[in-house]
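The structure under discussion is supplied below as structure tokens; questions concerning it will follow.
Here the chain labels run A, B, C and D in written order, and each chain numbers its own residues starting at 1.
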Amino acid sequence: MTRYIARRIVLAIGVVAGVVILTFLIARIVPGDPAVSWAGPHAPPSQFAQVRRELGLDRPMVVQIIKYFEGVLTGHWGTSIHTHQPVLSDLSNAAPASLELVLAALLFAIAVGVPMGLISAARPGRLVDHTIRVGSIFGVSMPIFWMALIFQLLFFQKLHLLPVTGRYDPNVAFAHPLHAYTGMAVIDSLLSGNWPMLESSLSHLVLPALVVAAYPAGVIARMVRATVLDTLGETHVQMVRALGFSERTVFARFAMKLAWSPVAAVIALVFAYSLVNTFLVESIFNWPGLGSYAAASIGSLDTPAITGVTLLIALVYVFANLIVDVVQAILDPRIRLG
Amino acid sequence: MEDVMIARYRGFLAIGLLIAAGVAVAVLLAGCGGSSAGPVSTTFTYDTYTNVMVGWDPSTENSNSIIALANVYDTLTKYNDETKEVEPLLATSWTTSPDALTWTFQLRPNVYFHTGRLMTAKAVKAAIERTIRLNQGAAYIWAAVKSIDTPSQDTVVFHLKYPGPLSIVASAGYGAYIFDTKASGSESLAKWFEAAHDAGTGPYTVQTWNSGQETELVLTSFPKYWGGWSGAHYKRIVFRVVKQDTTAAQLVGSGQVDFVQRISPALFASLKTNPQLQTLSVPQLMNLIAPLNCKSGPLADLTMRKAIAYAIDYKGIIAASKGAASPSIGIVPPGLWGHSDTLPTYSYDTAKAAQLLNSVGYGPGKKAMNLTLTYTQGDSSEQLVTSIMKSNLAKLNVNLRVQPLAWPTQWAKAQSTNLSDRQDIFMMYWWPDYADPYAWLGGLLATEKTPYWNLSYFSNPQFDEMAGRLEGVAATDMPQAIDLCRQMQIIAYEQMPVMVLYNVTGQFVALKSVGNLHVNPAYAYVVFVYDLEPLPS
Amino acid sequence: MTDTAILAPSRLAVVRGHLRGNPLLLVGGIVATAIVLIALLAPLLAPYPADAVSATHPLSVLLPPSMSHWFGTDQVGRDILSRVLYGARVSPLIAVFVILISCVIGIPLGLAAGYFGGVIDEVIMRVTDVFLAFPALLLALAFAAVLPPSLTSTTLAIAIAWWPWYTRLLRGQAASVAGRPYVESCRTLGISRRRIIFRHILPNAITPLIVEISLDVGGVILTAAALSFLGLGAQDPTPDWGLMVSEGQSYFMTQWWLVTFPGLAILITALAFNLLGDGLRDVLDPKRVVKLL
Amino acid sequence: MSLLEISDLRIRFGARPVVEMDRLEVDRAQVVGLAGESGSGKSMTTLAILGLAGTVGAHVEGSIQLDGQQLVDLPQRAMRDIRGRRVAIIFQSPAMAFNPVFRVGRVFLQALKLHGTQSQSDAEERAAAALRSVFLSPDLLHRYPSQLSGGQLQRISIAIALALRCDLLIADEPTSALDVTVQGDVLELLRGLRDQKEMGILFISHDLAVVAELCDHVAIMRAGRVVEAGPTDRVMAQPQDAYTRELLAAVPRIVVTGANS
């Protein structure tokens, strides 16, 4: 197993190196002179040459890539053009909000997707199965930016039900200041027993989280259905059935351990996908996370910020993949002992 | 067999449904909570669509940040958009020599910086000299200044290299702030500012700044403000960043913000009927312009430029802009000296445009022409205009290739040394640093060796000569300056280097409880909050 | 358990059986066909075809749905119904091109990796891994963000994110076939590589390829719509659905019809192709797991 | 009365019939072969006997009697007592028949406890004894399936049936995934079960050579129907049905000797 995990880690490091090079290349595709972007819109032309020197743009490509690697490793991810702050500190400011949103969305998605998948698998081919399958395909077919707009229209404009902007009401935050333990408003207000803020942040979280949940809910429902049907059809499950165990025992004691593994893996991967989906949703809900940051960076062609966000999420994705592989290796004796 | 299957999953179903039920309860609980509203508010919440603070240095800041800085810093003078006169602010009076080369300002006594120090003539001199020395942002407004004297504690004397309207320059929204240069002690002042410190004399001072957060900036009243705090004033200003204007509309509609900086015409129209709100349409000292490439490509031909000018449905564009735009006459917008309603102007005339195009072998029934237009990506108003322009030109067998580009790319392309890389039509907003037509007539149209802001690449010796005289004449003989402006605008009409699509009308929405609301177009989108009066809602 | 044989089955009965057991496939197929028909017949169906090209009507902007404009008009007075119908030519076409490019790049690389193995395989698959280390939308977004916005950029950006799936699929197919004894014997018999690849490896890969493509159409359409929504894709006056939602965004609170109809078009199209893909997967390649888009 | 009596068995998926079996009997101490090519409905029949046809979505009608007790439509609770205690099964692919994430002993011991063995130590003893009687070391109980060979796993399956003292063993292609030498060992074990434990064995196979070697009686299935049945040497020597002849022709060489020793 150690060898397997070591191989996985080596591969992951290789992939990360490739990811860094790819983001470097993306930054260089920008038409026009990167120095113009760096120097900012109001810089006089005389500044460009100096900026070019400072950024090392006058040196050979290989040197630039090495410099870029060095920067990525030492935490110098460049300075954002539109915020004038170091990209890494921008990202760490924005990450908790996105994390909160995506975690809440995954919670919704699991709460809906898992039971739906199980019901669907329980009656394959029946009406309820078809309905749930259409529902789950609906989830993965939803243009979520549109869903976000429609939800705003319905829940705020028409029903006056839920707030649609920001993470909490700033007036409540003035009256009941929130101590930032994790940067996630709901968890922080729970930790500090700040009930007005809890209410405010929860109510602000609901709509964006529901929208982000559409895709993972669909994927999870489909995955649960597929895995459960797969597992229950396995010979070894028939074997324990044939030995006279009750269905409940068969499922809980024998099949579960296999069925959860792919589902858990898909949840881990869907996490990274949902982070990307926040690009489309956060700015609509004025949610100050990575998605809003990315959307603003794209709008102002803020190359360091764009590559920073891309790199961060790719790293999260590679890391999630690695974790899934390692955990499965630990749980699965075929790999553990092989 | 279903029963079996259901039984098999009952436990898991139960867990799943439990989670689902829990979430649903949380949703309902959360949804029921409403937000609380107060009586007479002492907090003014300003809703903006983009980050408030880009930089904090009063010498160099040259962006949207002035919506906050103008409430923190004072200038020597202030432009009154109603009288079109410059009024006292930190300077109580001023005089100029007949040749407009020497300007003497009397300072207001007993004015304190937020750092606690007294504002003196030496401090004013130091502040302006720092701005000139750093030479960033809008520092060029002081370009005429040769030296500054401080004959007494409350007298500042400027000596100029060439005549200029220094009292107007001193009222500029950018680069004219007076601040305490000793604020940082031995530390670097630039670094000190960067850490969100301020050293102004204005009514408000920085309380908290959270970069990137929705509630980005909070300003609070400065107790020793020279204007005093008797009477009704807002004691705190909150700047809230809301990127979507639909969201902003919801916030102001529900009383959560007091003022919205930018909102779409459609939303503006829909909020007009709301009894809780006041709406304000303010013609801005700003227009949407389209410099035409006079140097290379098809539009280097004057006939083509005129044809294009006749081809555009200006009224249609203004109609589709639903109140955010008004027709323009001449290149200088109304509200500034030098503007005239009697200048010749182009109007939508397809027949004339076709005839002009035909005369050079293009147009309907002849060769097709391809033109490139660049505009700033993400600007929906510009996009709307380009859609209509494209449609107008298509009728004349002119194919307009519209390229939305991020500003740095758009600008770099326009400045490209390879002439064939440049666009045929550029599109941008244009506004002055201080209330003066020079920004248009000089900044936009005077010859530039390497293009910087003259993106029509227009070059006309007669025009350049007039532009060179304009500021001096304005400082000494206003009627003559106005006449000069007129002549220059007639040249611009004849040569057609820049199409003016419309003048921008600012559409602002505020709560009815905000009294004395006024938005001075000379200071783009600044609300001078001290001048407002909070009313009971 | 594999013995789920049929008593005297006919081919027709098999198809009918599949459709009966899989009504979703039927629905998806019908709707997808309808969308293709709409795309082909748009000039005949659209009440104001010029509005999908370059016409504007500044004096009749933002009209609500009525008998003359079923879906209302947009911010420059164009008929939204006409534009939505013409939109069926834009997104699906992007999908076609993306998949075409992905196949052209991905299939040969996958075949090479799987057939030759060794260093070639290692190099190709490690590069593929790097591309697969990004969620597809993220990579497409990053590329589209730095390219000048246009339909071509969108197509390229999505294709850059998409081809690795085909490489991976084909590599798996090629490797499993290349290892089989009869291919080994073909090799020893001196049959040309080309013949082995085209006669033995490709035909085996057709079914999973069809499933992959049909599953991908919906995903590409959604990705393209997302890019357009962020202003990185098609540009006005192209009647692109994502762009229409994006342009209508600042009006949706007051003029709901600007975003509602183009958004519905995206949803229905993606749904139809996903149902079709899912159904085909069930029928042709039931062992396939759910793929993340 | 036979141990197992199947009559008028009908199995279908929805409206699609897959098995229509008029008659099949297995006696105590008798090996009955059920032969036919894959897809002929053999495995569905075994699932029906175990009451597990529902798990793959099939519907069962007709009569399956075990010692006179009707199994069709027997409630699942009662059926669970039949499975494991009276009837056991060996699957074709030994590697698939054991859950890869559990040690093989876990299923074994839990099955013993489920069917009446009181204590852990009793169960372990019984399992060890059963393993020894299939010539395996009891230590193998602590291994994972991936650490065992196919032959070992198949013997463990047999050991489970042995330890549970089943009356009827269904062997679904127990040897087809094994090497020829290992095949022989497994067949020998099955003979032992018949002769010493007096188990009835339903031996499913597509391989007529193996069927001929082991079985006392044989039924040939095709497309869900039994086309021919009878004592093995009679069917092998004088096949009545055209399909049987076809099948026999496909077998390289049948050693009929000792089929009914």
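Heads up, the rule we're going with is that contacts are C-beta pairs under 8 Å (C-beta built on N, C-alpha and C of every residue); 3 or more make two chains touch, one makes a residue touch a chain.
Quantities reported herein were computed from a predicted structural model and do not represent experimental measurements.
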{"item": "Farthest-lying chain, centroid of Cα atoms versus that of subunit B", "value": "D"}
{"item": "A-C or B-C, whichever has more C-beta pairs in contact", "value": "A-C"}
{"item": "Central chain (by mean CA position)", "value": "A"}
{"item": "Centre-to-centre distance between subunit C and subunit A (centres being mean Cα positions), rounded to whole Å", "value": "23"}
{"item": "Whole-Å gap separating subunit B and subunit D, where each centre is the average of the chain's CA atoms", "value": "86"}
{"item": "Computed distance of Cα centres, subunit D from subunit C, in Å", "value": "48"}
{"item": "Distance from the mean Cα position of subunit C to that of subunit B, given in whole angstrom", "value": "43"}
{"item": "Sites on subunit C at which at least two other chains make contact", "value": "1, 21, 148, 231, 249, 252-253"}
{"item": "Overlap residues in subunit D, where contacts from two or more other chains coincide", "value": "47, 55-57, 76"}
{"item": "Numbers and ranges of subunit B residues touching at least 2 other chains", "value": "4, 244, 246, 250, 377-378, 409"}
{"item": "Complex contact set, residues of subunit A against subunit C", "value": "11, 14-16, 18-19, 21-23, 26-27, 29-31, 125, 130, 133-134, 137-138, 140-143, 145-146, 149-150, 152-153, 157, 219, 222-223, 226, 233, 235, 238, 262, 266, 269-270, 272-273, 275-277, 279-280, 284, 294-295, 297-299, 301, 303, 306-307, 310, 313-314, 317-318, 321"}
{"item": "Residues of subunit A that touch subunit D when the two form their complex", "value": "124-125, 232-247, 253-255, 257-258, 331-334, 337-338"}
{"item": "Subunit C contact footprint on subunit B (complex, rising order)", "value": "244-246, 249-250, 264, 266-267, 269-270, 313, 315-317, 319-320, 322, 377-378, 380, 383-384, 386-388, 390-392, 394, 402-405, 409"}
{"item": "Subunit C - residues contacting subunit B, complex", "value": "53-56, 58-59, 61-62, 75-77, 148-149, 231, 235-237, 247, 249-255"}
{"item": "Contact set on subunit B toward subunit A in their complex", "value": "2, 4-13, 16-17, 19-20, 22-23, 26-27, 29-31, 33, 35-36, 45, 51, 54-55, 62, 137, 211-215, 238, 240-244, 246-247, 250-251, 256, 377-378, 406-409, 411-413, 415, 450, 452"}
